[in-house]
Every structure is written in C-alpha cells, then in structure tokens.
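Next come two complexes built around chain A: one with chain B, the other with chain C.
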Partner chain A sequence: MGDSQYSFSLTTFSPSGKLVQIEHALTAVGSGQTSLGIKAANGVVIATEKKLPSILVDETSVQKIQALTPNIGVVYSGMGPDFRVLVRKSRKQAQQYFRLYKEHIPVTQLVRETAAVMQEFTQSGGVRPFGVSLLIAGYDDNGPQLYQVDPSGSYFSWKASAMGKNVSNAKTFLEKRYTEDMELDDAIHTAILTLKEGYEGQISSNNIEIGIIRPDREFKVLSPSEIKDFLEEVE
Partner chain B sequence: MVGKNCFAIASDRRLGVQLQTIATDFQRVFKIHDKLYIGLSGLATDAQTLYQRLVFRHKLYQLREERDMKPETFASLVSAMLYERRFGPYFCQPVIAGLGENDEPFICTMDCIGAKELAKDFVVSGTSSESLYGACESMYKPNMEPEELFETVSQALMASVDRDCLAGWGGHVFIVTPTEVQERVVKGRMD
Partner chain C sequence: MSRGTGAGYDRHITIFSPEGRLYQVEYAFKAVKSAGATSIGVRGKDCVCVVTQKKVPDKLLDQTSVTHLFPITKFIGLLATGLTADARSLVYQARNEAAEFRFKWGYEIPVDVLAKWIADKAQVYTQHAYMRPLGVVAMVLGYDEEKNAQLFKCDPAGHFFGHKATSAGLKEQEAINFLEKKMKDDPQFTYDETVQIAISALQSVLQEDFKATEIEVGVVRKEDRVFRALTTEEIDQHLTAISERD
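Let's look at the complex of A and B:
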C-alpha cells in the first residue's frame, strides 16, 4: 500500500511510547456519532444515531449499520468512508473463508481478520490508520457475540459497549442497566434509552438505526416502522 | 465404508514402481485428528506431500479456531487445495472418512483435481478401484457394528487387491468409533 516515495510508515512512536496517529484516530472516533451494542442472552442488538447534516438529505439512502455475512452485522463511530472500505474488505474475507471451507466464518475469526487489516494500516508505508471503531455483532455456534475493534487493531469482547460522542455517559448508563440474563427485547429497549440519554433533540424512528440478531442467526436492520413500535413501548 | 456410528478406512501395503516392489509396509492412510482420517492413493510422493500440507493447514486451523475441523469442512479444504493445482495436479485420489456432528459418519472421495463425491455407504480409490467397487457393492450392508464392519472391509479389500498385481502385500484397516480406534494389519497374498 502507498506509492514508492512513502515506503516508510507515517505512524511512528513518540518518546513517551505512544503512537500519536492512533491517539488522533481515537479522537476522531470520539467525536463521531454515538453508537452502542448490547449482548443479550438470546441475541445481540447494535444501534446508532443517524444525525444528517440537513433535512434535505434523503435519510433512506443512508445506512450506517451493515451486514458482513447473513449472521454478522456491524456499526461504527467515526468516519463513514473509512467504514465503507472496512465493510468491503471484511465481506471479501468472509466470502474467501466460505469458498475454502464451505462453512460460514465464525465471528471471532472475522473480527480477528478485520482487526488485522486495521493494524496493517498502522504499520505500512504511506497510509494512515482508519478513523473508525467498529462494533461487530454476530451469532454463531458459540452463541451471541459482540466485539469492539479500535483503529489500532485491538479488539475486545463486550457484554455491552458504547462509542463516539457520548461514550462515558452511555457506558455508565449501560453499566447500571445491564443484566446477564437480559432478553433481546429488553436489550433493544435499553439501547433506545441509552441513545435517548445523550441525544440532542427529539429521537424518532428516522434518526436512529437499530440492527438485531436473534437465535435464528439472521442479522437484520430494523425498518423505521419496527423502530417506531419499540420507541412507543419505551415511552 | 460406513457402519453404525462408526467407519472403516483401509488400504493395501504395497509401494511399487510398475513391476518392482519397493516396500511392503507403506502407509497410505493418515490420521488428521482423532475422528478424521484420509487415505491417499496414487503417486506416493504426492500423497506424502499432500498429507504434510494438510496437517499443516489443520494445525493452524486448530490454533486459530480452537477446535478440530469437521470432516465436511476438511473435505472442502482438500478439494480447494487440489483445484489450486488444476493445471499441474497432485497425482492422488483422496478418500476422506470422519465422524462429524453427533458422531455421524462421513465419507467422501475425489479425483485428483478436487471433484468431490459424497456417498452414504462406501468410497474407493486406487489401481484396484473397479474391483473394489464390485466387492464392496456385493458385501456391503447398512448399519454394521464395528466387528462386522471390520470383517466386511477386510474381505472386500483382500478380494480386490489379491487379483491386482500392482496392489497387495496385506492390508491395513482402521475401525473408528466415537470412543476408540482399532488398527489392524490383515494378511493376504504376499505377492
């Protein structure tokens, strides 16, 4: 990656032992729109704010939550275009795995490979780290799983997590509300309440996006009318 | 050959170069993990190299995914690896046998460029394959217990390789059940 004049990495260590570019990338993530994920006993829910720059933008054309495979979905905080590139690469890796083994890729393997791509961009010539943190939600033979992947390429498994603008309030809220044996529908309500906490303005079915995966192992993004039903239940 | 909650995989023991016999104890059936075996007939050097490459891939898979490969997954992997060499193939026909989910027996064979052929009863490969098809077809019964399966497989193998001048010098039979593996050497016509 990078052309011949930049065969050295732009991400270099500072005297204190930090990779400053990655710190800056995390700042970019921290100023992105809030997103969160909750792992329930029987599924996973991921959600994000969908604040558009103007009312003239066609909100149906914007999809922040994407499926990587039929049973794995992803949401991000940070730079949208970087997210699109990662989604494309991850989908390709998932399909390559399937072509080789005729078996769907386990969630941990896909997370590992995506994280490896993100790490590559912190150590290759002429490229910058990705300005996104991802929340990858999936359901496979090991049950429901939720992973966060950072611009550095490190990944963690979470029971519930948040990223973006309102991260500390959202995480405190989640810590209070999370229980080990939560059902998926409760988790969806909690997710909506958490988003509501930090939302500037009125939350509605057109300015948030929710993706869920149930034991049927099919990742789906909820339609605005489905979101409306959950919103009404929460009110 | 498939039995009741078990399978058998067997081979002859001759290694030869046309009329000359080089070895009479050549191993052609290899273990991948406790419940997965692969038999490789054809060119001996390709069989050995292919086996080493498959063990390599499987060990990495075990380290990454922290589990053994399922037989169906392994068969897909072998098929993909063989097809990678479509225009300069490995001269081997593999026979794959394993116990899958819930210890369900799984067998398959493929040609040297990876065309998979699944079967519910038996699969064969090698120089005596036509003979083996005949012998297995007539001797096979569904749901055989391990002891009966051993008898049937040994009889079918011996009947076929004894008539084939390029195969023989006894047989090597593995009977694999969910709890144990029995390995036995069968004595046939030693020529």
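Let's look at the complex of A and C:
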C-alpha cells in the first residue's frame, strides 16, 4: 500500500523497543466509548454505549454495531471513521472468500484477515495505525466465538471482554459474573448490567446498542423496543 | 527511554500524538472556524433548509460568484463551511461521484450514501500522510423516497451523522445551544417555520439583523424535490415574516 511520497513507515521502533504509534492508537481506543462482548454457551452478545454529541443528532442515522456477514457481527471502541473503513474491507474479504469457495467464511479466518489489514497499517509507508479495537462475534461450525482485535493487529479469543473508557471496571465486573455454562439471555442481562456500571447518566433503549447471535446463526442488532424489554427484565 | 512527543511530527501530519489524538484533524476544525462564517441547517417535517452568511469582502467582487451553496445533483445540495478552495475540490469530487452512481446503478444517489462517501474520503486524509484533511464541514441535504427529508453533516475527521438541526463554523456551539432548545420536544416544522427558524437562529447567534443580500438560503422540500437556492425576494419575505413575528 505505500503512498508515493511516503515510502517509509511512520510507525518506527523507539530506542526502548516500543512502537509508540501503536501505543498512542491504544490510548485513542481507551478514550472511546465503552463496549463489551460475552460468549455464552448458546450464542454471543456484543454491546456498546451510544452517546451522541447532541440531542439534535438523529440517532436512527447512526449504527455502531455492524454485521460483516449474516453470521458475524462487530462492535468497536475508538474512532468511528476508522471503524467504517475496516467494516468495508472485512465485508469485501468475506465476499471474496465466498466467491472462491462457495462456503461462508469461518469466523477465525475473517478475524485473521481483518487483523492482517490492521497490521499492514502499522508497517506500510505513509499511513498511521487504525484508532479502533474491534470485538468480532460470530457463530459457525465451531460454535459461538468472540475475538478482540487491537490496533497492532494482534487478536485473541475471549470468553468475555470489554474495551474503551471503562475497561478495567467492566472487566472486573465481567470476571465476577461470567460462568462457562451461561445462557445467552443471562449474558444479555450481564452485558446490560456491565454497561450500566460505568454509564454516566441514565441508561435507556436509545443510548445503548446490543447485537446478538443465537444458534440460528443469524446476527441481529436489537431494536430499541427489544432493548427496552431486556432493560425492564434487568430492573 | 522514549521522548514525550515522539519525533515531533504529530503536529505536521496525521499520526497519533501521545494522548491518542490527531492534531492535524483538530487543526482542520480550527481552519473551518477561521473562515469566519457560521452556517445553520434545520430539518422540518417534509423539508430541509440551510442558511449561511454571505460575506463579500470587497465591494468590487461580483456578488453572484460568491457562494457556499452548491447543487450536487438536481435533488441534493451541499453547504460548505470553511476554506472555499477545499470546498470547491470537495464539491467537484462529489458531483463526479453522484453522476457515476447514477450512470452505474440507474437511479439517483441517496443522500446518506453520498454523505457516507464524503465522510469516507475525509477519513482517508486522516490516515494517509500524503494528503492533509480538508478544512471544510459539509452539510448535505436532500429528499429521500424512503426516509423523507434528510440533513447530514460531514466533518474533517470523517464523522457523519443525520441531524434534526445542526450548525457549523465560527459560532457553531452557540447556534447548537439555540437549536437544542427549539428542537427539544421534537417538533415537526412546516416549510415556512423551518426556514424562519434557521434564519432567526443565525440572526440570534450573530446578533445582527440581516438584509436579504447578506445571507444564502437553500431548501429541499417534499412538494418540490429539486434543491433550490432561494431568491432575494423569497428571503426578504421570510425576513419580514420573522420581524413581524417578534
């Protein structure tokens, strides 16, 4: 990908062996809105805060949780515009896989290819790393899966994870509440409670987003009325 | 031992600063304000109206050539706030993209698709060092068959949102405060109300009463889906209605 004038990498090693641009990118992620994901025995849930800069913004025009394929969804913490670029590239990669193999791309492969793109931007000429961390949730023949991908391009599979402003409190909360045999509906409740923990202000069906995937392998983003039902169950 | 500000280039090109910020993008926002003008956009029930100041710095200039309001297609308009040269470049590219879309797919480009394209282009400039971000905030307006009246705002950072009302430029924050109060209960304004709210917001925030030649107004409405700039007479009518109301 090198840009003509900039055929040198902007991300270079510091004397102590660190890649500072990646560290700064992680700082950008850490100041983004909190998001989290939980892998249950029969599905995966991902959720995020949706705080808009003003009441004048039309909240129906914004969707932070996006589907990459019918059975894989993604949420982010960090810079929205960078996220859009990654969603577009990942969707294209998934389609290219399907065109070649006539099979839907397995979750691990899509995660690997997305992570490879993010790594390229830490080494190519004239570009900066992506300022987002992704939580990719999917359900395929290997069951429900949840992966986190960082700006460096490294990725890990998680049982439950959180990113963004409230990451440490959220992770502590999740560590306490997580059980291996959790059902998806319990996981959704736990996700809502975790978001509520760090939320500044009143949580409602219009200022959070939740995406789920059940054994039917269809990723869907919950509508505000569906979120409302879950919120009421949690109260 | 890593030094605090890295190599010091974080202010010159769009790489991350130690706090995880992009200084060049933040400076681009400042450039939008430095142009000195303020713009307002309001979405009513079935219409959208955008208003901006028409500052003609020199009496010798041909007034008709000074404009920030650009039709992108017959049905979509763009109000550019900030550096005029960057605005022209953006408008040129947007017109090209809209025309290609129409040719390729056989139907007019929807407003949100164009807004997303503009925002994605802006994102590229924030990630690639070879091009600086544009010093323009673009308000895109149009009437969509499925989603009715639409108003989008795209900024140098690559963000874009749909808005019920919004503002850009020097007095952006004051205007947003004014509009938040007016739009609090989600009112569904008629065409005349929309235009008058937009103009009176500008007047209130800049604390001056305008003559019809000092502002530009662009509208799109359900009854007449073509994007139009209002004539001086029409602007005058609305200004009179506002002053009679007060």
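To be clear about the criterion, the second predicted complex is superposed on the first by the 234 of 235 C-alpha atoms of A that agree within 3 Å, B and C clash if a C-alpha of one lies under 4 Å from a C-alpha of the other, contacts with A are read in each partner's own complex, and residues count from 1 in each chain.
In this text, a contact is a pair of C-beta atoms (placed from the backbone, for glycine too) under 8 Å apart; a residue touches a chain by one contact, two chains touch by 3 or more.
Just so it is clear, the model here is predicted, and its values are computed rather than measured.
Superposition of the two structures on chain A leaves chain B and chain C fitting side by side, clash-free. Once the two complexes are laid over each other on the shared chain, residue contacts for A:168 go to neither chain B nor chain C. Of the two partner chains, chain B is the only one that A:109 touches; chain C does not reach it.
Counting residues of chain A touched by each partner, chain B versus chain C, the larger count belongs to C.
Shared-chain residue A:121: touches chain C; no touch with chain B. When the two complexes are overlaid on their common chain A, residue A:101 makes contact with chain B while staying clear of chain C. Judged by the touch definition given at the top, the superposed model places A:204 against neither chain B nor chain C.
Between chain B and chain C the least C-alpha distance in the superposed model amounts to 25 Å. Taken together, the chain C residues at the contact with chain A in this complex read 1-2, 6, 9, 13-22, 43, 112, 116, 119-120, 122-124, 126-130, 152, 157-159, 161-166, 176, 179-180, 183-184.
The touching residues of chain A, counted against chain C in their complex, run 3-6, 10, 14-16, 18, 20-21, 24-31, 52-58, 60-62, 79-82, 84-85, 88, 121, 126-131.
Residues 64-65, 70, 72-73, 76-77, 80 of chain B are the ones that touch chain A when the two sit in their complex. Of all residues in chain A, those touching chain B in their complex are 99-103, 106, 108-109, 112.
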